[in-house]
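Right after this note come the structures.
Same chain, two partners: subunit A is paired with subunit B first, then with subunit C.
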Partner chain A sequence: MKKLLEITLGIVTSIGGFLEVGSLATSAQAGAAFGYQLIWAIVLGTICLIFLVEMSGRLAAVSKQPLAGAMRDRFGYPFFLIPLVAMSLLGVLVLASELGGLSLALQLVTGASFPWWAPLGAFAAWLLLWKGTFSIIEKGASLFGLITLVFVVAAFRLHPDWTRAAAGALPSMPRHEPMRYWFIAVSIMGASIAPYLLYFYSAGAVEDKWNETDVPVNRITATFGMSFGGALSVAVLVVAALVLVPRGIRIERFDQIALILTPIMGRSGFFLFAAALGIACFGAMLEIALSVAYLVSQGFGWKWTEDARPRDVARFSLVYTATLIGGAIIVIVGVDPLAITLMSMALTSALLPIAIVPFLILMNDPHFVGQHRNGWISNTVVCAIVGLAFVLAVVSIPLELMGS
Partner chain B sequence: MLTRWRVSCAALILSLVACGGKSVAEQIAEHDRVRVSWEQTTRFVGAEWAGLAIPDAYAARTLQRASEELRSDSEALTKEKLPSGDLARLHAALSIVRARADSLAQAVRARDRDAVIRMVKDSPRANADSLLRQAALR
Partner chain C sequence: MEIAVVRDLLDKQLIDRDGEALGRADGVVMAYSADAPPRIMYFELGAQTLARRLPRPFQGVLAWLGHRLSPRGSSPYRLEVSRIIQLGRTIKIDIDGTRSAARETERWVRDHIIGRIPGS
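After this line comes the complex of A and B, so read on.
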């Protein structure tokens, strides 16, 4: 009974915590520009994420070590510095895009310009990290995040042609604007396969004191939680396609996305969108700031836990504080939130091999995972999808930059 | 070895640049897409505001944003090497849509619902059927 409750809570929190500004913006943009044609990118990204999340939980449960700490032990400091620096910088960039999303949500509701909200949003996140515990942050944000289910309700109310939508799950060549098509595909995959999530998940498993008996629970939670989460992204794409395509509206700025629920739900749709965006981004901000703190602290062997008083884990607290300040500065400067979101998601795809290849080596090392080593299916699927995302990113990022 | 690597990098960059260049038809199509997208955004915002589905501040800000985007597209157009006839047509179309966005923004700020409803009715509507078919949604 206890395990069943754990699984249910795990799945519910995975669903609530799945959507963030990256998946929301990329899915909406894909739907508005290409109809259902890019559903395959969400499907591939979600499949890869299921495997990776399951792997990071398994690593923590069996080795009792979080991902970053295990990586440092296996490869040594000099090599570990590469993913450490790359993922920390990327973390600040992705956090900026989440803070931009939160600030935009507040702008939608209040009318006050979004850069003004950035310091307040960053401070609120910092306060929660400073005062809160891991459980409050993980479960609280995710449970509130269930508001994002509004996109599933909206998708069903639009009565889409599910056969055509299912056809979009198969990769296809673009019918127009090939550069934009591949760039959005890469951004969708970057938004789905977020490395920060893996550091957060494995550190969380250690904080929750998982052991080998938790391996099956972890597998079920990762599979169903991420699958339902992926379905949320598909719902956003479907809603954007059915609301914006017939009107000839492509998403150039965030302001346009805010309209996707109003034809279905009226004024409450507008405020539900703002609430979903704000809560999803706030939850993601907390996870990213903590992930960077976990990565750096575990990498350098400092004391780390969200459950201790900040003065007892001073360097850990300093890292999440600095990460939030870095993200806030980028938003306050006034960089376009949609541009920073798309670019940070595409960069995530390009940097995936730096985070994932060492992780795969770890997952095949019996010293760390004993008999729970990866099978050939996990290795093949993750290698193939990460390889595809990397190649597409390397080709499409320069093309998109030249095109814009 | 290093030379060969440099040559490969140069070849890759050159091929990317070659692929990245847009033809005249593609450039025109891109400007048309941007114009139509913002034109329809202003129409959508006007209709939703008139139907009380969105707040005043959001409507006014988005209409102003549409005007700014159309102006920046018009500026970008002057830097491109397009046939003079196409250039004139695109400029004229952009300025009409921009003027409509400005008028709508003014009416929203003045809370003149009748004027907004009239302007929405007068603005061209996208051909939903053809767009849905194009995107294989129907």
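After this line comes the complex of A and C, so read on.
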């Protein structure tokens, strides 16, 4: 009974924490520009994420080491510096896009101008990290995050053609605008396979003192939680396809996404969208700021935990504070939030091998995971999808930059 | 028991006798003289040790950064290998970390930055 509750809670946590500005913006863009055709990118990204999340939980449960610590341990300091720098900078960039999403949500609700919300939102996130504990942040963010289920409700109300949607789950060549098609596909995969989630998840497993008995539960919660989470992204895509395509709306600015629920749910749809966007982004900000702090602190062997007073984990607290400030500066400077979201998601795809290849080597090293090593299925699936995302990213990012 | 320096010592998490983090083994120092067999003496911790492990172009920048940022200059801190009391995924050293120089930067950040923010 207790196990069942644990599994349910784990799944609910993953669903509530899944959607953030990256998946939301990329799925909405895909739906608006290509109908159901890009659902396959969400499917591939989600499958890869299931394997990776399961792996990072298993690593922490078996080796009692979080991912970042194990990476320095196994590969040594000089090599570790590469993922450390790449993933920290990427973290700041992704945090900026989440903060952009939160600011937009606040602007939608209040009608007050955009740049003011960024420092305020960053400060609120910082305050919660400063005062809160790991379980408050993890459970709180994901329970409130369940509001994102509104997209599933909306998708069902539109009575989509499920056979056509299912056809979109199989990869196909673009019928028009090939450059844009591949760039959005890459952004979707980058948004689904978020490396910061792995650092967060494995550190959380260590904070919660997992051991080998947690391996089966971890497998179930990762599989179902991430699958349902992926279904949320598909719902956003379906809603965007059915609402925006007939009206001929192409998403060029962030606030155009804001109206996708209004035709279905009226004025309350508008506010539900703003609430879902704001909460999802706020939760992701907390997770990203913590992930960067975990990555740096574990890598350098500093004391790290979200459950101590900030003065007792001074450098750890300094890192999440600096990450939030860095993200806020990018938004305040006034970079276009939609552009930064799409670009940071595509960039994530391009940088994936740096984070994932060493991770895979770790998961095949009996020195770390003993008999709980990866099987050939997980190795093959992760390699194939990460490889595909990387190749598509390397080809499509320069084209997108030249085009715009 | 056979110990491989790079696999089992270098870059491992070091903890004090209470299990609190001291840092990671940024370097391992071996002593050698003509009249005694070579012996592993110390773990070395610090920005300078880390800088020395990088390709040459980065060394200067990192040493400078470490010198500017760390409160006690960049001279590395040493922990005697003879004080190891547990060797595994983490390495436990028989010292009291609260006053150890290994935590000097942590204390500096606490006293000068984090500790000054209300609610810390």
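A few notes on this one:
In the analysis below, the second predicted complex is superposed on the first by the 404 of 404 C-alpha atoms of A that agree within 3 Å, B and C clash if a C-alpha of one lies under 4 Å from a C-alpha of the other, contacts with A are read in each partner's own complex, and residues count from 1 in each chain.
One rule holds in what follows: contacts are C-beta pairs under 8 Å (C-beta built on N, C-alpha and C of every residue); 3 or more make two chains touch, one makes a residue touch a chain.
Everything numeric in this text was worked out from a predicted model, so none of it was measured.
Once the two complexes are laid over each other on the shared chain, residue contacts for A:136 go to neither subunit B nor subunit C.
Within the superposed three-chain model, A:149 lies out of touch with both subunit B and subunit C [touch as defined at top]. Partner contacting the larger number of subunit A residues, of subunit B and subunit C: B.
In the superposition on chain A, A:215 makes contact with neither subunit B nor subunit C. Judged by the touch definition given at the top, the superposed model places A:383 against neither subunit B nor subunit C. In the superposed model, A:77 makes contact with subunit C only, not with subunit B.
When both complexes are overlaid on chain A, the residue A:35 reaches subunit B alone and has no touch with subunit C. Shared-chain residue A:270: touches subunit B; no touch with subunit C. Comparing the two interfaces of subunit A, the one with subunit B and the one with subunit C have no residue in common.
The touching residues of subunit A, when paired with subunit C in their complex, are 63-65, 69, 72-73, 76-78, 80-81, 130-131, 299-304, 309-312, 314-315, 317-318, 367.
Only residues 6-7, 10-14, 20-24, 26, 50, 53-55, 89, 105-107, 109-110, 113-115, 117, 119-120 of subunit C touch subunit A when the two sit together in their complex.
Contact residues of subunit B toward subunit A in the complex are 13, 16-17, 19-20, 22, 33-34, 36-41, 43-45, 48, 51-58, 61-62, 65, 69, 126-128, 131-132, 134-138. For subunit A in complex with subunit B, the touching residues are 34-37, 107-111, 161, 164, 167, 175, 179, 241-242, 245-250, 252-253, 255-256, 258-259, 262-263, 266-267, 269-270, 395, 398-399, 402-403.
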